[in-house]
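Same chain, two partners: chain A is paired with chain B first, then with chain C.
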Partner chain A sequence: MSLSSPGLDSALDTAAVTAARAGRRKAPRLGRRRLTFDYVSFLLVFLGLPLVIFLVFVISPFIQAVYYSMTNWTGFSPNMQFVGLQNFVKLFQDPTFLQAMGNNILLAVVVPLITIVIALIFASMITVGGPSHGNVRGLKGSSFYRVVSFFPYVIPAIVIAILWAMIYSPTGLLNGALGVLGIDNKQWAWLGEQSTAMGATIFVIVWSMVGFYMILFIAAIKGIPGETLEAARIDGAGRFRTVTSIVLPQIRDNVQTAYVYLGIMALDAFVYMAGLNSTGGPSNSTLVMSQYLFRTAFEKGQFGLATAMGVVLAIITLLFAALVIGVFRLIGGKDEGGRS
Partner chain B sequence: METKDASISRRSLLRGAALAAVMVPLGVSLASCAAPGGGSGGGAGGGTKSADNPFGVAANSKVDAVIFDGGYGVDYVENSGKILAANKKLDGVTVKVSSSTKIAQELQPRFVGGNPPDLIDNSGANSIGWNTILDQLEELDEVLDSNNLEGTKISDTLYGGVKDPGTFDGKFKALNYVMTVYGLWYSSSLFEANGFQVPKSWEDLPALGEAAKAKGKFLFLWGKEAATYYQTLVIDSAVIQSGDDVRLPLENLDPKAWSHPTLQSILKILYDLIQAGYMKPGGAGTQFTQAQSQWSLDQAALLYPSGSWIENEMKKQTAPDFKMMGIPELPLDGKQTTPAGFMRAEAGEPFIVPTKAKNPAGGKELLRTMLSKESATWFAKNKLAPTIVKGTVPEDGFGSTALQSQSKMLDAAGDNVFTIKSTNLYGMNSDQLPIWNTFLAGGMTVEEITKQLQALVDKVKNDSSVTKIEIK
Partner chain C sequence: MSTDTRAAITIDRSKASGPGKHTTKSTAGDKVVGGVSHVVLALWALVVILPMLWTLLGSFKTTAEIFKSPFGLPAQWNFNNYVSAWVDNNFGGMFVNTIIVVGCSLILVMVLGAMCAYVLARFQIPGGRVVYYLMLAGLTFPPFLAIVPLFFILQGMQLLNTLPGLIITYVAFALPFTVFFLFSFFKSLPYEIQEAAYVDGASEWRTFFQVMLPMAKPGMAAVAIMNFLGLWNQFILPISLNTNKDNYVLSQGMASYASSAGYALDFGQMFAAVMITIIPVLIVYVLFQRQLQGSVSQGTSK
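Our next item is the complex of A and B:
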């Protein structure tokens, strides 16, 4: 918080004055504070207003959603009946929903892992993978790679999805390129065969995300003092050892953040899926919960059930974030308290 | 992310609990503000009814129409709106036409808020599921009972069976404006050049597939979003063979609907065609318009099952010498139990008038205008598709061979037409798509697809929260 804010200054003044007048050692408490105009308006603008906005636009839709998930609302009439947990029971007996949930969990495990590993490798090459004499630095031309690998992130997700849907089509670019290389795969439908649909989809998501997380990690690695890296080198650490023992522990917080963000993105994945395989893929092999939710709400007119799916998705997302933070804490070991 | 603060102290827990205690009741009251609170709209004071104003549209009122912007665009309603506004027998009524490609998403809040438009074209992939809004719709019998602008009773000017697709539980609630013929489409020039025989039943297809293969072509092809066109083909063909015996169990979600011997025999033939390599592989990974252009432009396959919108849809991607013709979907063999010419033809583009709209009489008046000869002819001429109004397509089909063959099929069928409603009624299409994609790619046996399609039917049947509608 910046101390230059006039509201805050006056608040601090008020606090000081109040304390002085009272002449006691006890810290001033809220209840005894004199309610000057400055103080009240400060509270209203900096605490009250954001809180109201937060309540109206964030909390209340949440609570509404939880309520709707326990009704049989069709979405197009003002009438609905409370049905308790019936929708949730129905969901967990629905094989298609469970399959979609499984696909989401697979995405949430695999996508962050691959993306982060690749992004880390690139980031290390660009920052510490360079020649072993002179300053610790990246490979030759690293600034060029840095810009190029960021390109996919600049393209909107839906454009990426449609682009790749064309590339993957049986007469598309990929099969054409393979044909030039002498591999004839009989116009393989990459997104149309159960064995490759999910893999091809994961590749697209990873492809579009690597650039951004690489930049994120580069920024983090640049924050590590050069002396530390040089000291490691003097002690005889190679590049790989430097990355695993010096760099990684220093940017662990960034990796954790990246993991949570990517996981949340993978649990949604709606845009990629809608562009690549809007129908849910062969035998629903790439169907995700958000797609199924959309379908249930607007095609089948079961808004209550669809909202229940949303609630389940939200709970899974929260659990995922908690799990990731927990795991990182565990592998973080004892040096936790020492920093920041 | 800062992990240091993640641990929860006793104090922050208490603080959180207190905050939650404050928030919950507040949130609930907020929620109840935004929740659907019923609506008051509805039946605004009308003008007096007369022969020239049969529904009593109030003078100087506005008609609010939301039209699906799909293959037919929205200009045909705008055109009718202009005719309505120029109608001197009404007093200054104006029409506002808005277009939408996502009817359900855009109109959902208006239905909940009790403020729906006066006329809606509830069509497209994102249309509103019928069983969720039926009880909020006006019955439209009085529109067909009224006279059109030329003074003829409207119901006397229409094709047979046009009320069926919009009739639910005996009540006529949706007026479907465009006549759609379901058939198999092919290029007559290609057939003539190669000496292919137009098939008469499913039993002719293996031979035609072999002939196509000899010329390096396929019999059929498909695209991933349109895989269920083959379901339409299979169901319609079975109905043509066995009539209501197949149709009613399917429509009313019978637990043995898909086990009917006729359906099974047709599925078996289709399975054999796929296994013999007459179906172009890779459709499950191909976007459907791209696949369709492989049929109409590259001519990689001979036949394509579709509704008659196919001509308009592929207009720009059709080979110049492609003389598109259609035949009704095929019976299983020569022993069909239904009358000759029996086919699936149904009125599409369902127009509805919500009861709670501000000006429902205006919505009906706009429909009446659209059903006048002038508007209907304008549509046929500009969209190359017949409306439900008879006699608007001249002999030469405005120069379109596909339109000619449509008129021919419709005339041959007369009143012997049927429609299939349950798929759209219960929103089953997207659940059926992955199944059909797998089957058409050769990844499923007849037993498996029967089991999976039946499971979907059973799921709807056994779901007590879904309102079922009996179809006769």
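Our next item is the complex of A and C:
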């Protein structure tokens, strides 16, 4: 490619380019092109190459997964029988899988809820927590909080999980800190006891996500026209009323998006679980579907069954997204049509 | 993005508080709300910072010192933990692997993603919309569904457990996000300049690489930062598709080291390994903090 040569009118070496130039002199309009060598090669490489990679490594595995999920394939033996929905029947009779699914659903409900509530409270404090006179404005010195809270978002999730596994360990930071405060809990294993394992896990995910969504909500709140907030204030709305009646309805779409994203993340949750409790926790109390899938596939070699789990996971994910969007429609009315 | 808005608000304020100075006096209620807000936010900041501080301090301490008191200073400041993590536990090798994999796939995905987004955004091709929606679908589907077939696709191509295999899957899975974000960016660039390039006789290739791509620099930078973090933190793909210990990347090496040791973990070395893993992202975060938060806010304004 003679792309680096300086000057646009320097001689280009292929005849096709000349042809293209001649052709375009008449039809320079975008959208309708003549099929010159330049244009065709350009399309082939620019669109074809990424598309082939995408189709081979992303789309085709998804499609294959649907087929494999209906076979009793074990991966290494060539014989594979089509068994229809048998794998799915088996899954829904497997108490461990049902437990994992229950844990996933619990996570998908609780994690977004807690994260969004905390992030919204923080974002509101930062944006409308300032003095109640003059223009509505934020808290002083809030950029420090923004920089710090966003930080966990950039740390690899597996590192976060491992770090918190150490913090929660019987001799870790949490018990040490509680000891300093005078609370002796006899080296409680936060992740090793069924009563606290799930709660501790949820906290870690929330911890890593709050900052990101706080920034997101701050940006959304700043997008609300100042006049709207001003008008509310003149009408006598306090900060709390401003947030619940003005800010929340205005950023409803952002909250909805956040709920969907957090829920999808919680339905996967593999990375966090792998670092916190790679075996599924005390009596599988923190086992999630993705972990069970991974174990079924790469430890037991039951690939057909494992992909069936993947299909169930995908269906639950789609249902979840549809449900959230539906619920938000219901509680928010459909006046805005989903976008402002 | 966010800074722009902030600037606008500041200007507003100075205009409004100019004539009526008396309104800026805070009431008791303001002080309470402000105070409570500061306390709550500061507490959260503490909850975020303490584990980091604990890790940083711990990476210089011996395991016995870590257990003795969480925030005591080490008796001797040295890099023993780092050296043994880097050399004995091969985090050095993993670091190099991670740099290679993330570096190559980042460059590839940015080039391929920009090309694809450019074509989809600015040319009317039959099936263009279908490709776009396919990319959107790839963005929403759980990667876990693809893991098992992907394993066998790579095996069939002799790419399983190799760095090139990992790179190509990283590229494929980062592509939808890249295309999706650059699509709107390329769409917003002026058409006149593209036309001018054609009139001056530039080929499609040249128009892209010498005219359009340089104009897309801000968008490319934002997406590249997000992709760097995403790829550096990638975990599911390497642990299922890259099980050869010599080819380990940092994230999976961390997990395997932590789970192999269990409660008998050498905390000091583990902390050093954690620091080795997060220092690169920390540097990127500090350098590009503003762009990063800006691109997060940009995502909301669509």
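To be clear about the criterion, the second predicted complex is superposed on the first by the 275 of 340 C-alpha atoms of A that agree within 3 Å, B and C clash if a C-alpha of one lies under 4 Å from a C-alpha of the other, contacts with A are read in each partner's own complex, and residues count from 1 in each chain.
Rule of thumb we're sticking to: a contact is a pair of C-beta atoms (placed from the backbone, for glycine too) under 8 Å apart; a residue touches a chain by one contact, two chains touch by 3 or more.
Given the structure is predicted, the values throughout are model-derived calculations rather than measurements.
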item: Which superposed partner A:Val56 touches (first chain B, second chain C, both, neither); value: both
item: Chain B versus chain C as contact partner of A:Val110, first or second or both or neither; value: neither
item: Partner chain in contact with A:Leu47 - chain B first, chain C second, else both or neither; value: second
item: Partner chain(s) touched by A:Val147 [first = chain B, second = chain C, both, neither]; value: second
item: Which superposed partner A:Ile126 touches (first chain B, second chain C, both, neither); value: second
item: Which superposed partner A:Glu193 touches (first chain B, second chain C, both, neither); value: first
item: Partner chain(s) touched by A:Ser278 [first = chain B, second = chain C, both, neither]; value: both
item: Touching partner for A:Tyr168 - first (chain B), second (chain C), both, neither; value: first
item: First (chain B), second (chain C), both or neither touched by A:Ile218; value: second
item: If touched residues of chain A are counted for chain B and for chain C, the larger one; value: C
item: Chain A residues contacted in one complex by chain B, in the other by chain C; value: 56, 59-60, 62, 64, 75, 165-166, 169-171, 257, 278, 298
item: Chain B to chain A touching residues, read off their complex; value: 1-4, 6, 23-24, 26-28, 30-31, 34-39, 104-105, 108, 111-112, 114, 126, 128-129, 131-133, 135-136, 224-225, 227, 281-287, 290, 426-427, 429-431, 433-435, 437-438, 441, 443, 463, 465-466
item: Of chain A, residues touching chain C in the complex; value: 1, 3, 8-9, 12, 17, 20-21, 24, 28, 30-33, 38-39, 41-43, 45-47, 49-51, 53-54, 56-62, 64-65, 68, 75, 121-122, 125-126, 129-135, 137, 139-142, 144-152, 154-159, 162-167, 169-171, 173, 176-177, 180, 207, 210-212, 215-216, 218-220, 222-223, 226, 239, 254, 257, 264, 267-268, 270-271, 274-275, 278, 290, 293-294, 297-298, 303, 306-307, 310-311, 313-314, 317, 321
item: Touching residues on chain C, where the partner in the complex is chain A; value: 1-2, 5-6, 9, 12-13, 16-17, 20, 23-27, 29-30, 33-34, 37-38, 40-42, 44-45, 47-52, 54-55, 67, 69-70, 112-113, 115-116, 118-120, 122-125, 131, 134-135, 137-138, 140-153, 168-169, 171-173, 175-176, 179, 191, 194-195, 197-206, 208-210, 229, 232-233, 235-236, 239-240, 250-252, 254-255, 258-259, 263, 265, 267, 270, 274, 277-278, 281-282, 284-285, 289, 292-293, 296-297, 299-301
item: Residues of chain A defined as touching chain B within the complex; value: 55-56, 59-60, 62-64, 67, 72-80, 83, 90, 96, 165-166, 168-171, 186-194, 253, 256-257, 260, 277-284, 287, 295, 298-302, 304-305, 325, 328-329, 332, 336-337, 340
